[in-house]
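The letters A, B, C and D name the chains in turn, as written, and every chain counts its residues from 1.
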Amino acid sequence: MKDKLEHKDRIYFEVRDYECDIQGIVNNAVYQNYLEHARHQFIKSRGLDFAEITKQGIYLVLIKAELDYKRSLQGGDSFYIHTAIERVSKLKLNFLQAVHHSDNDQLILTAKMTVTSTTKEGKSIVDHLVAS
Amino acid sequence: MKDKLEHKDRIYFEVRDYECDIQGIVNNAVYQNYLEHARHQFIKSRGLDFAEITKQGIYLVLIKAELDYKRSLQGGDSFYIHTAIERVSKLKLNFLQAVHHSDNDQLILTAKMTVTSTTKEGKSIVDHLVAS
Amino acid sequence: MKDKLEHKDRIYFEVRDYECDIQGIVNNAVYQNYLEHARHQFIKSRGLDFAEITKQGIYLVLIKAELDYKRSLQGGDSFYIHTAIERVSKLKLNFLQAVHHSDNDQLILTAKMTVTSTTKEGKSIVDHLVAS
Amino acid sequence: MKDKLEHKDRIYFEVRDYECDIQGIVNNAVYQNYLEHARHQFIKSRGLDFAEITKQGIYLVLIKAELDYKRSLQGGDSFYIHTAIERVSKLKLNFLQAVHHSDNDQLILTAKMTVTSTTKEGKSIVDHLVAS
């Protein structure tokens, strides 16, 4: 995965108790929330805003999600998410994301999230994200 | 995918407005909630209970999730989820799941969710699910 | 509360495992989701659609929520929600809601949710809901 | 409310896009999540841990929630929550909470959340929280 990383970013989180389920660990679906937030922060760090882009009628749509769950997180755990992107085609790109525990850098989860623009106008967005 | 289906099940849902996001469609992460519920109902239909299994110290853990998003659902939409399983190894199995719109049977999403038991005792659970 | 009930409605739910937290019971916040869904269904049963109303620029806004938690629900529990309304003023109304366990009709929660329209146009909506 | 405040605490949040609904604002139920997290952080700042307390068989249970929604928050907004407590009786206390926008200190929401311990052993927890 490393060779394909064109950009690196890291944002920090802390698990909230309400995100944990009966097993006392973060529910599987909640990681998709975390990852979405990390992608939107990534986009913001490149000078764009997801809600703004949407308002302009340019939809960035998730078409494929692949998540590999390695370890689990518990309430109160601190962790960070790395986000990088690689272009797949004119209108399509992959977000390559990894969740690590903050205390010991243990790998919690890796994900490849494929996003496409549904309109030609999205090309400039993809261009901008890949170039910056 | 059809050849690999060993079991078929279907449960029905209706999208609730709070499950939709700014774009007015069901948030990507919410599908993982739906799919988890469908898997637990599948297990229940085979005479087992996820919470009970967990209490007995047998953990069924999601280790890989692959979701292909084809179309989106909106508030008020009715849909159903098919769940089937295939054995991967002694302690591991795949849940093959598909979300369809109820009105026109259009395919919304397919998913392959790989689950493993973390203890040898889980083998009998996997045996039971695959056999029934 | 009974005297004030002008309308009665009942919708049925089943607790999903992902709605439960570390204590193995439905998380407190999730009841607000349930109650919102019941209110939107109530509105729908009167021939209106919450999303449609919103698109027309008429915002029905929750300004006060009072919830009394009596008992808790667990994964797999079946329950129903009664919803009734009472008018407070021209643009304001209370949703009086009660959650009961389906098996034994035990009271789980009561709620008074005060909603107001932020525009004069909302008066006809309030009129319609109270009259029907 | 000020006179009753025996303790003051503040924690900071940022609205994540997935917490917003069709109206583009934070969904009403999500505030209960925020408030719960703030209460658990408050407890932690007094040297206690909610999950630990629960494991010891001492349940702190929310029995009443009163929320006054004044203004709404949008995706990306920064805000903070003040939490204070007042004792109601031997085993019961109120969390008095207020949500403010970080940019202009505008009041977004106030809440009074009544919590009780369901076992006598909880008295020492309540004593500790009120005294510290």
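The working rule: a residue touches a chain if its C-beta (ideal position, glycine included) is under 8 Å from a C-beta of that chain, and two chains touch if they have at least 3 such contacts.
Note that the coordinates shown come from a computational prediction; the quantities given were computed from them, not determined experimentally.
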Exercise. Quickly list, by label, the chains bordering both chain C and chain D.
Key: A, B
Quiz item: So which chain is farthest from chain C, going by the mean of the CA atoms in each chain?
Solution: A
Quiz item: What is the distance, in whole Å, between the centres of chain A and chain D, each centre taken as the mean of its C-alpha atoms?
Solution: 29
Quiz item: Rounded to the nearest whole Å, what is the centre-to-centre distance of chain A and chain C, using the mean of the C-alpha atoms as each centre?
Solution: 34
Quiz item: Distance-wise, how many Å sit between the C-alpha centres of chain A and chain B, to the nearest whole number?
Solution: 23
Quiz item: Listing for chain A: what residues touch at least two other chains?
Solution: 17-18, 22, 24, 27, 29, 33, 36, 51, 75
Quiz prompt | Residues of chain A defined as touching chain D within the complex | solution = 16-18, 24, 33, 36-37, 40, 44, 49-51, 74-76
Practice problem: Write out the stretch or stretches of chain B touching chain D in their complex. | Solution: 17-18, 20-22, 24, 27, 29, 75
Quiz item: Of all residues in chain A, which touch chain B in the complex?
Solution: 22-23, 27-30, 32-33, 36, 51, 54, 59, 61-69
